[in-house]
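The following blocks contain the structures, represented as structure tokens.
Shared between the two complexes below is subunit A, which pairs with subunit B and subunit C, respectively.
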Partner chain A sequence: MDKLLKRIIAVISSLRLTVVCLAIAMVLVFVGTLAQVDEGLYQAQNRYFKSLWIWWSPGNATFKIPVFPGGYLVGGVLLVNLIAAHIKRFELSRKKIGIFIIHSGLILLLLGQLFTDLLSTESALQFTEGNSKAYSEDFHANEVVLIDQTDAQQDRVIAVPERLIASQKDVTLPSSSFNLRVKNYWPNTDLLKEAAEGAVASGATEDVGKAVFVRSKPLTAKMDERNLPAAVVEVQAGQKSLGSWLISPLLRKQTFRHENKEYEIGFRFARHYMPFSLSLIDAQFDEYQGTAIPKNYSSRVRVENPRTGEDRQVLIKMNEPLRYGGLTFFQFQMSTNRVGPLSSTLQVVRNPSWLTPYISCVMVGLGLMVQFLSHLVGFIKRRSTTA
Partner chain B sequence: MDLSTQSPCRTLVFWRWGATLAFGALLIGCKREDIRVYTVPKEREVEMASAGDEGEPGAPHIHYKMPAGWVEGRPGGIRVARFSVPAKQGPEIDVSVIPLPGITASKADVVNLWRDQIKLGPIKEDELGGIIERVKIGSEDGEMFDMVSTNAMIEDRFKARILVAMLGQGQTTWFFKMTGEDESVREQRPAFIEFLKTVTIDYSSHAAESGPRVTSAPSRPAWQVPTHWKEVPPSQMLLAKFVVPDTSQPKAEVTVSVLGGDGGGLLANINRWRRQLKLEPVETESLGKLTTPLDVPGRKAILVDMSGQNTNGQPTRIYGAILPEQEQTWFYKMTGDPQIVQQQTNAFVQFVQTAKYGN
Partner chain C sequence: MNKFTRALPWILVAIFAGWVISAFRPPKEQGFRLSEFGKLPVLLEGRVQPLDSVGRNTLLQIRTKQTVLLDDGRTSMPAVEWVAETMMKPDVADTRKIFRIDHPEVLSLLKLPEKQKYYSLNEIKGSIAELQKQTDRIVKIDDKLRTPFERQVMKLANGLMLYNRLKNSLKHETTEDFAKELDDYRKVIQPGVAAVRAQQSGQEFSQQAFDEILEYLSRYDFMARFSYPLLIPPSNPEKARDAWENMGASLMAVVKGGEVHPAAAYYAAMSTAYAKGEAAEFNRKLLEYRSWLREQKLNVELAKGRKEFLFNTLEAFYKATGIYLMAFLFGALSWFKMSPTLRRTGVALAWLAFVVHTTGLIYRMHLEGRPPVTNLYSSAIFVGWGAVLLALILERFYRDGIGVVTGAAVGFTTQIIAHNLALDGDTMIMLRAVLDTNFWLATHVVVITLGYASMFVAGFLAILYIFRGVFTSTLSSGMGKSLQRMVYGIMCFATLFSFVGTILGGIWADQSWGRFWGWDPKENGALLIVLWAATWLHARWGGLLKERGLMCAAVFGNIVTSFSWFGVNMLGIGLHSYGFMDAAFKWLMAFVASQLLIMALGMLPKHFWRSFRPPPPGAKASGTPEPALLTEAKA
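Take a look at the complex of A and B:
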């Protein structure tokens, strides 16, 4: 057993494994970058880098086979290899202090990337001049919501992630007397008012969806598009059916009443709520004179935090984000409307480990300097001794 | 390195690291979202911080019945009411209600301003009949114009549609304007027409005893009117009108008007004047050649000088001054025989420069 363990340690701490991992990583980066042309950034990232294996399906087969290690596997093995090699060869001596700092920096870099993937979120906050929002919307994820609107001050939201709806199984809503029965689900759709080729009647029995036709579309991976799912869900209160609604981010708000309470049901872009609100006071969209080429976007926003009593105005510009409440707000897009009030979109990034790459780089730089200087000093000393 | 030299302590450290990494790998697998239950405050319209957005206490206001799905916004600037309507696609539809006390232009010119906003070519006064729709605004008869762009104007993806209903009341013209993505506005058109029917314009609590008066409207500046100019009653869209000289023919006239905001923009207004002179419209790059700066105390104005023909084919010159302010833009325009205009340029400039505004 001990022999086997030592053998394993020898393999995972070997320099050969490091070289193999780096070679695989190079191939992975090359293939993954090319794949973004067809699959788009988000899908290619998930398939090639945020995965243990790259899966492939031969022809029309329904099964998939792993064909190449994914980013998580390569990164994970590299991290294990680095730590193993470090533990195995570690010696606390003045001579090797530089190597120790470099390796620690690399380990921190790999761990930082792992935690960035695990903990970071990116979303969009879109508002028109005069609007206020205390949430941002996910770039990709959608959610089905059932909102109890009875209270005059606040709404009680039950948000179901799209994957549960996509599985087309019944969903029991917690802290509620309702169940959702998913009668149909389309991952990407067009909604039409009239029957057309490829469109089917929604089958909803309530509200606006009764007269809507659904045309399923292939999933999109383009950077400037997003999938717009739709579903027909039956709301059940105990054993009683309250009706079926067609829900989609394309449809307006739909409400129903049950036992003297007002509810809203919908399929919307998943929301990330913040404990403060931002209001768009003024959006500026400057173009180079005589052209339609954007020169500068900027948004003057009002930050209101009821917890701290803060109420101030901030100007967010391209390359001058607002960092507040653990979030970073970047100026992302601006409506190019020639009519009506302007609307601005901020990219909202939550990344608790955003400092790790900076600290890692400093550590690696410091380690290299220490190592280089210790060699230089030794060399000069030897030279002066021989002279 | 010989593996047999590894100490038991180091092996233990190895296992610890292994366990930590395995936990990390598990975390990767656990990054899945589940059903969330939470409470949030109801969404509200923002209270704008800008001081200038407060509605004036003396302003007229409207009563109305808001259609379902519309969200009432905070009126600001020249608007006395504002709504946003969720759009089927693209940004929210904007509905604004704006009373304006004086507009220089003919009805065709006003319509052409909006057409220009969505890059449509101008139409002539006699072509208006084909596009005017009669609508009820409260109990009165108003006129509505429905315009849609030919190109994508909104987010470079969607066509823009403007629905404007107009109602003249005394010297004030009320504009009810719905702007947004073509299909969404078309969908909201019936609701907009129903909304117009429910509107009641109310001056009662704030108006002067002499009758309807827009107290939020800009008051007449204090002018030093050249002695040989004669003031005549302005038409509906104007704040003031003068004729010079008042005895001989041919003559020139000077009109003064004020529009909310940038009045549609410098380019649109200069091109509107150019159309009146039967001149081809110009692009932004040519504005520099057509305009010269004019010193006005406390303000920056520009002078525009263009010559062409009037509708009867007679040589005509327009000598105008445009004075943008924060919330409104002043238009001074002298139109007439080129020789008379030439003689009056100094008097005109002095007239503009000596105007003292209420604020």
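Take a look at the complex of A and C:
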């Protein structure tokens, strides 16, 4: 038993395992990069890098088999290997100090990226000049919402993630008297005003959706597009049906009344609310004279935080984000339409471990320098004595 | 003999240095002072540049050369002369053979003879309608899906477009006496504007004045829409330094009140004098225009024009390429002749080329006001520079000709790559907003490019090892060991630069997009280099690969690096993409194939190698004597 344990430790701390993992990582990165051409960055990233295994189903088969280790597995094994090797061979000597710093930095980097993957969120905040917003919208996720608008001061929002709708089951809305029955769901659509090839009547009985035709589209993998789902849902109060609505991020606001209360129903980009608001005061967009090359984009933004009483202006530019309230706001896109007020999009990121790469970069750089310079100095010294 | 051999390196360095410096000799110009004309500042691609640069970059795009070969087949016309002729004497320019057409089907489409490589506008003119028909169809096709024929058609169409734009930048191409035209225009403005106003408010108006002004305006409108460089400097430079205008727009604006812009009048006078062959008048107006620019406090722009003109005539990178080639030949010869003189000559020439290369690099940085690498073109220049520096340092330590051959070869190759990348046009193009940060350009980009350079040096050293080992008997085991040590040392640098560069790139991304790592193709390319360098180092430390295996692995590093440098740009996706380059793709594939072939050579069993054979009994060991370094312990 002791022998077996020793052998296992020997394997997981071995240099051979390091080399094998690094080689596998190379194949993985290479294949994952090429795959982006067809699958798009987001898909390929989830399939190859943010996974334990890469799954593959032969032909039309419904089952999947793991064919290659994914990013989490390779990264995880490397991390274990790294830590094991250090515990086993740890000795603090002048000769090894560089190696030690390098690998500690690497451990920090890998752990930091793991936490980033698990904890960080990215969303977009789009507003036009003069607008104010206290939420950002997710790049990928959508949600079905039922909003009680009775209170003039505050809306009560019940949000249901898209995946529950996608399963096409009945959804009981918590803390309300409503049920949703999903009658139809399309993950990506065009909505048309007239019948056309490939388009079907929505089948909704209420509001704008009655006259709309839905054309289903394959899921998009392009960087600059997102899927626009649609669903037909029947709203039930107790046993009574109130009618069915076509809902989609493409449609205008739809409301209904029930028991003297006004409700809004919709399918929208999932929102992340912030305890403060941003308003766009002025957006700037310049091109170099006589060209279409963007020279500079910037947004002058007013931050209002009712909790702290803060009210101030900041300028958000390319490469100069605003870090505030645990979030970072980056200048992301700008409407290039020069007629009317400009609209600006900020990327909003929450990433508690954003500092780790900074620290690990310094550590690894320093370690490599110490290690290689000591080699170099030794080499030159020896040469000058032998020459 | 002895004296001569000792002096040989210095004689050659003096000759080549003289060649480089000859650029500073003022040109012998009788008649038109076109080199002065070529220094005039204009605005194009968002930056102030001399007319000479406009000419060179336009010619590069349509003719793939910076000069025009005249019909006699021997004399070549410099870009500045061509640009002057095109703008001021377009009917003569139409006879110059400047459009390069290689594809036989394009030639047969345009009914052109196949014997030439370059054709003039007059030769193509008859088939313009046919060309237009084709381009109308091809424009709708995604450029990645176009056939070689379609690409060549589009390339020709773009060339024609550029040429036509340049022709209408100073004056309308049909105008013969531009100075007189402007005088006439001045006269019709007042009555013309009055006529138009009257016509619009429904009053009686002079039809003749109305028609005349509209005739002028339609000509200038055509110029405004077509013109290429913006010739008219800002009227109020203190306030709006970038507010350059094109000639057509400036002339059209006169009807809104005001005068013809003085710059327009100077250009018109120069143009008329040039067309009439009056050199003295042309030169006088040129000097007047220059002093007018100075009075307008446009000194910075004038200086920019002058400096960039000198940079263009210096052709530092082109000359460095030639000298690298000579250095390579001397270095390689020194191994076969075992001659220290040849090696010393190679080293001296390589240093000269390096100095010229460095001068060009610093000059370019000064002109752009930027760190050395701002685009793919300048990355090639800088990869070469870093590689030569590393290799020359190696040469100082080992003094065995390996460093000089490596440096000269990588320097030469990267310059050729840069030259081909320059065919896309201006290489000092302005940086789009997200890249507009000298801090990150100076750190991330420089460091990562040095990483590429060191990977290539390591890879090339390994190639030398394999070639010398397989094909010659000059690779002694001592030489092999010292090569391995060099590769190891360079690999350490490559790891340091690639890792730090990659992480800095991540930090830049974190600063500008909010994520440290996004699995973007360019990021992945950089990561591949880091992973490969780490694999190589660990395989060496763990003894998993021995000398020849390590060498083959270092050659593989060339493939990884070239994928990261160019391959990822060809995927055509991601935030970093520079655009699709199909010709480059073929070259990349050829390069990858050649490296695989070299690796296969390196893996041949030892008895196929001409080196490392046991010496025949009684004979002395072949190859160079083992250097003292062998005593050095394994690092």
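A few notes on this one:
Note that in this section the second predicted complex is superposed on the first by the 344 of 387 C-alpha atoms of A that agree within 3 Å, B and C clash if a C-alpha of one lies under 4 Å from a C-alpha of the other, contacts with A are read in each partner's own complex, and residues count from 1 in each chain.
Please note the rule applied: a residue touches a chain if its C-beta (ideal position, glycine included) is under 8 Å from a C-beta of that chain, and two chains touch if they have at least 3 such contacts.
None of the values given here were measured: they were computed from a predicted structure.
In the superposition on chain A, A:L4 makes contact with neither subunit B nor subunit C. In the superposition on chain A, contact of A:P321 is made with subunit C only, not with subunit B.
Shared-chain residue A:K88: touches subunit B; no touch with subunit C. Once the two complexes are overlaid on the shared chain, A:N131 sits against subunit B while remaining clear of subunit C. Shared-chain residue A:Q153: touches subunit B; no touch with subunit C.
When both complexes are overlaid on chain A, the residue A:N296 reaches subunit C alone and has no touch with subunit B. Legend: residue contacts after superposition of the two complexes on their common chain; A:A61 is shown touching neither subunit B nor subunit C. Residues 289-290 of subunit A lie in contact with subunit B in one complex and with subunit C in the other. Partner subunit A is touched in their complex by these residues of subunit B: 1, 3-4, 6, 10-11, 13-14, 17-18, 21, 24-25, 27-28, 31-50, 69, 73-74, 76, 82, 84, 86, 88-89, 91-94, 117-119, 153-156, 160, 162, 179-180, 283-285.
Residues 5-7, 9-10, 72, 76, 79-80, 83-84, 87-89, 111, 114, 117-118, 128, 130-135, 141, 149, 152-161, 163-164, 171, 173-176, 250, 252-253, 270, 273, 279-282, 289-290, 302, 313, 335-341, 343 of subunit A are the ones touching subunit B in the complex. Residue ranges on subunit C touching subunit A, taken from their complex, read 43-47, 230, 242-244, 246, 397, 429-434, 436-437, 440, 489, 492-493, 495-496, 499-500, 503-504, 506-508, 510-521, 524-525, 527-528, 531-532, 534-535, 538-539, 541-542, 544, 560, 563, 568, 571-574, 628-629, 631-632, 635. By the touch criterion stated above, subunit A contacts subunit C in their complex at residues 14-16, 18-19, 22-23, 25-26, 29-30, 32-34, 36-37, 41, 44-45, 49, 109, 113, 116, 120, 122, 223, 287-291, 293-297, 318-321, 328, 330, 332, 347-349, 351, 354, 357-358, 360-361, 364-365, 368-369, 371-372, 375-376, 378-380, 382-383, 386-387.
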